[in-house]
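First, the structure itself, so that you have it in front of you.
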Amino acid sequence: MQHTTTTCPYCGVGCSLSLAVDNDRIVSVSPGPEPSVNKGALCSKGRFGFDFVHHKDRLTTPLIRKDGVLVPASWDEALGLIASKFSEIASLYGADALGGFSSARCSNEENYLFQKLFRAGIGTNNVDHCARL
Amino acid sequence: MPHRLNPFILATASKCIGCRACELACAAAHIEGGVSVGSLQAPLSPRLYLTCVGEMRVPVGCRHCEDAPCAAVCPNAAIYRTDRGVQVDESRCVGCKTCIVTCPVGAMEMGQIWENGKPVMRRVANDNSPEGSEMEPALLASKCDLCKDRAGGPACVEACPEQALALIYPDAIKRRRNIQAALALKGTGARAGEVL
Amino acid sequence: MSVSSPIVSIDPLLCTGCRRCAEVCPVDAIVGTLHQPQSIDTERCVMCGQCVLRCSAFASPFDETISDIPAIRKERGLPEDDSSTLFAAHFRVDKGSVSSMLEDTDKISMVQCAPAVRSSIAEEFGLAPGTLTPGQLAAALRRLGFDLVYDTIFAADVTIMEEASELLERLESGENLPMFTSCCPGWVRYMETAWDDQLSHLSSCKSPQQMAGALFKSYGAEIAGKQPEQIASVAVMPCTAKKFEAGRPEMQADSVPDVDAVLTVTELADMLKRKGIQLTSLQEEEFDAPLGLYSGAGTIFGASGGVMEAALRTAIAVTTGKEVDESGVTFTKTEEGISRATINVAGKTVRAVIVSGLAHAAKLLEDVRAGKADFDFMEVMCCTGGCVAGGGQPKLLPHVDLQDAIQRRRESLHVHDKALPVRASHRNPSVTALYENYLEKPLGHRSHTLLHTTYGEAAGGHE
Amino acid sequence: MGAGDCVCIIGTNTTACHPVIGLGMMQAKRNGAQLIVIDPREIDLAREADVWLRLRPGTDTPLLSAIAGEIYNAGMVDVESVAASTEGFKEFCEGLAKFDAESVAALSEVAADDIRRAARCIGRARNTAFYYTMGVTQHTTGTNNVLAVSNLALLTGNIGRPKTGVNPLRGQNNVQGSCDMGALPNVLTGYRSVTNDDVRGSFEEAWNVTIPAEKGRTIPEMLNAIEEDKMKGLFVFGENPMRSDPDINHVEHCLHHVEFLVVQDLFLTETAELADVVLPGASFAEKDGTFTSTERRVQRIRAAVSPVGDSKPDWKILAELLERLGRPERYADVKDVFDEMRMLTPTHTGITYERLEAGGIQWPCPDESHAGTPILHVGNCMRGAGKFVPLEHREPAELPDAEYPLTLTTGRVVAHYHTATMTRRCFGLAGTWPEELVEVHPADAAEYGIADGDLIELRSRRGVATGRAWVTRRVPRGLVFMTFHFSESPANILTTSAADPVTGTPQLKVCAVAIRKLTEESTSVESLSIEEHASCHIA
Amino acid sequence: MHPFVLSDPSRCIGCRACEIACVDAHMDEDMVEAGNKELPFSPRISIVHEAEVTAPVQCRQCEEAPCVAACPAGAVVSEGDTVRVETERCCGCKACMAACPVGAMQVAVIPGKIKTPVAHKCDLCTGREKGPACVEVCPAGALRVFGREDLQRIPVSKRRQSASQLAGYN
């Protein structure tokens, strides 16, 4: 049984968690070590909001819509299609014809790369996320 | 209000005076007849039973169990659960009496079932009758059916002069009691933080 | 009054001690503590049967004491194949003796039925309270085997003739006033047990049931060409106390009882059903003449205030010569169960009182005893609402509104009264014929022997 | 926080949306601090509050201004020092005149002397900390509401000191971080505007690419642009606008209309179902990285289990996409991404993975020896002088009327999170709160013949939703509350997309609805077939 | 005397961690398996979340338990530390639900071999080394176990306190 210290993925308080893992599955959650904001307390989501990770509905492969139906595809094929489609749209209609909604639930690094994808990769500032909501 | 658990008739022993008006009303509500006892076209066969133990009087009836033992043991599937309590399908009952001995509460009895003035009959061996057998009224499983088809709800509750009977919804009672218990704890509570 | 009255009794095996009967007993004759079997104090009991009406403690097929039921049926004298529901409080059942009378071929059976019977018996056949079925009642009695189907209401008209005359006589002489009606046996019994010093105030008239019985055994026998012993006189009553009255020793002539047996409405209905007679689907028939023809005034005897109204209609006619269908006197309620009015009869102002419910009579009797009575003529009905609410009436199920049912029965009698051609007792042709052919005149010699009686400890008593 | 301090919360059900902070507030109350709660609903903290202002939804600005007015008139303001360190103080004070307690009392349905009591509490307290969340921002007057809070803080000097400050409680684990990282159309990392040439220049030089000088489109603008065929491609990353955005019918129409839609998420959400390409992301427990909490604390997340199936950490996917779009950068691990970012972001330059091992660091942290900044605006406001902004009151965009007599406000419950994509797939959380519960006041419920637990239908100008009624006094008469956690009861079909002019934040907290009881089809007779139930019970 | 758990409404924020911990502690499967098998979610603690009060309510392990008295099948037994339900003997007649003054008894299907609704209630997590799961997880410290010793000690300490107060002024 290993223990990994991490931060709660739910509200903005940023409580520190310790995930107990047994053969690559999260088994339980307990409050993280000090120093921490939550000082040993965890709400219901923090303590019991982890089993979605192993839920059977998790997406496990990229999907591509072929004649109206989403079917599994390889990473190479999916990413290739996105890259080519984005370039095609950018060339046809200009970079401003593309845009993206980023995620307040993903990490700083991912948000950084996402806005870099549009600003550097495509050349548009059309990047927003749901902090507005 | 959608209820998850079957309601059932519950008596408050302290209020019951033992007058049997509930049994009378119950029996009358399940047979053809007019406004008077004389007008009833079948013998009285109540489905709840006044029980006297020393000075104590209280009617005992079916609690429409969620996992009804009577339904479990019935070999001919005559007893089953509906969204309005546990019901008996008399046409399927063969009168095997197992449900009587199984019911933990003693709410099941074997009663005559009368249809348009005549009891459901069954053939019984009888040597000194010409055909060697004769017909006599059948005794079939009989229990409280919550007056499911009666306007105005259960007849016993309406008839009780002391309002000792009530149709109770267990989950509604539980929710009300929870709130009362929580309110009662308000202010006092466990003083969890303090050292008592 | 020693031996326990078998007319009304409480079965200790079935009584659960709920004491709901004690709440309605007008004379507090129910004895016992809560949850213990109750018993009846025969000294106080007037056999009105209200307790029988109220009792809901029946013998369920699922009781532990189920094994005793056949023994109880035998003890109550019920026929072998009787399957009626047994209740703790019950009255003496006389179905058996009546059946044997009907089978007795060398007897002529004459039956009389009280006004209230025709307003309630339909309830026993599933119809709504207060359904009026006079014609079908007569038809049913005939199918049951009664040779002559007469009517108590005829005798009620006779009672009016006798009692109105007695009242006028007393008003004239000023003696024994105020005068009380005597047709309610429960009321008479109450006077005998609790107010025996006031018995003189009671009208000497017998009740209509006893008058009819007496006439059956005399005038009736003559018409039928039979000896009094050969007449089987049966009465159908909404009342249990009538069973007691029929058995009173003085209610007979040369040891031939006026009335041989009394059936309650429930007993009659049961006998009819056993014979497969469905009263409510019969063709209407008439009551036999002459002792079966009756006026509207007699009909309303069954409702409290009815005797008073009937007497007034005749008194007005006798004193003023004016024939009226209704006395036009309205009684105003002065206290619970008591209503009063003042009328002038033959130049005298008569203060009349109607008491509905025995429990309300005590106050007035105290005034009488103290000589401070402020009334001259008092009608007392033991059961609140009149005979329509008697102990022999159908026992209504708990969900039924009893007061509403009683009110509907009263109204049906008044409707019946309004519908009849003759609405005053003295205008009943068969009554006038009776006097011409037989009684000569009210309070005459024959009336005196047949239709009048005396009261008190010596005379009363049980079989 | 303890005696002499004051906690003022407005538009936040803290014990539900930020439970641990909520607990901290209750502890502060127990330590003697005063608690002021401004919320139309009787939330748990309202029960504990010294002053609870039960305002009519949408009247936050006038109420806060009235409080400020009362403090000012009562002479509890250190006029010299405030005037010295701020701009626009005089006009602001004059502007307060129209927000007298009596007229605001009528407007916001809060008793005038309650306003005065709140003012006294704040005026007298040594330190007052203000907390707010969506309850303040999700209005057409969202910006004004926030400015009203900051006006009040500036007026009472409650800025830049411990136990004070204007503290927005960010709803999501990294909403603060995603703003910090420039995932906004108008700013690059560290809130530096794209229109600022030097800022843009530093990025263009680092990435040797030219970045457009005008700001990009916000989400509502992008949706409209799609509708007008100005935008052909959309990449939705870790979001479910089909449930969280207002006026879902409009969103659905746009997402169908767009030529090429990419969605990257953990589950096949309603939005993902419409996508042309769906990429399986990884959950917080399957990747390394950092989140930034509501108090600007950057904290590590660490992979505890390997990614599920073929899914990849999201940063790897984005890195690979960048690569395919011709970008030269290669990132061995997420630390490289963070380092690239922090070199470009002065406020985060001092934060390194090594330092984060010892615990979170609050930006700004200019260099690696800097300990981080627990409190902003220490000494003076970061922009120099504190800026007062005189405000006007504007009624919400949609008010109840004869046809839609009740006000609907939306929000969250403690057991669920946002569109519940994750929480409804947690056995425990789904168990405690399996379905939508619409809070209805007993009197309103009685008026519509609704009993507790009945299925009811809510109807607005934009759509219809159903949910189970929870008859409770938590909501006042005339107000109903529901969450947007449940797809079967999509609150955002009802909400209006009328938005704040400045931020474009939609008015999710106020819209007009009508409710009626739905007669539930009575559960059918459960008479099992004969064979079945003769055997089934005899186990 | 049976120990029991009591809540403090002034501390509870209604986060329901106790409710989930209770279900978790009475299930062999872990959360993920429970989700995949769609097991019933049947807590033995009821959260009241109203305007007037927010607090968990559970069994007080009464010494004179109405539920024990009400059960026709003798399935509710008072024994050792708790009042316990022997689920094999329970037929779901709900008399205990009507009897319990606190509303601590629930009738529903619970995880395990019995697939029909049965009565179940708080059993103080007997056999769980860290004691009641709800008390352990509560972030607000709103739940507290009153053990047998507490039930002896608390009255004594309070008496001593009031005695000193009495001595104080007369």
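As written, the chains take the letters A, B, C, D and E, and residue 1 is the first residue of each chain.
The rule is simple: contacts are C-beta pairs under 8 Å (C-beta built on N, C-alpha and C of every residue); 3 or more make two chains touch, one makes a residue touch a chain.
On a predicted model such as this, the values are computed, not experimentally measured, just so you know.
The chains that touch chain C as well as chain E are B. With respect to chain C, maximal separation of chain centres occurs for A (centres as means of Cα atoms).
Chain pair with the most C-beta contact pairs: A-D. The mean-CA centres of chain A and chain B are about 58 angstrom from one another, to the nearest whole unit. Per-chain Cα centroids separate chain B from chain D by 55 Å.
Annotation: 32 Å between the Cα-based centres of chain B and chain E. Separating the centre of chain A from that of chain D, both taken as means of CA atoms, is a distance of 19 Å.
The set of chain A residues that touch two or more partner chains comprises 25, 38, 41-44, 48, 50-51, 54-55. Under the contact definition stated at the top, not a single residue of chain C touches 2 or more other chains. Contact with two or more other chains is made by residues 67, 175, 193 of chain B.
Here chain B touches chain E in the complex through residues 4-6, 8, 10, 63-69, 104-105, 168, 170-171, 173-183, 185-187, 189-193, 196, going by the rule given at the top. Listing the residues of chain B that touch chain C in their complex gives 17-21, 23-25, 27-29, 32-39, 41, 43-46, 49-50, 52, 55, 57, 109, 111, 152, 155, 158-159, 161.
Listing the residues of chain C that touch chain B in their complex gives 16-20, 34-35, 56-58, 60-62, 83-85, 123-129, 266, 269-270, 394-400, 405.
Interface residues of chain A, counted against chain D in their complex, comprise 2, 4-16, 19, 21, 24-26, 35-38, 41-45, 48-55, 57-65, 70, 75, 78-83, 85-87, 89, 92-93, 95-133. The residues of chain E lying in touch with chain B in their complex are 6-11, 46, 48, 50, 52-55, 57, 72-73, 90-95, 97-98, 100-103, 105-108, 116-118, 141-144, 146, 150, 154, 157-158.
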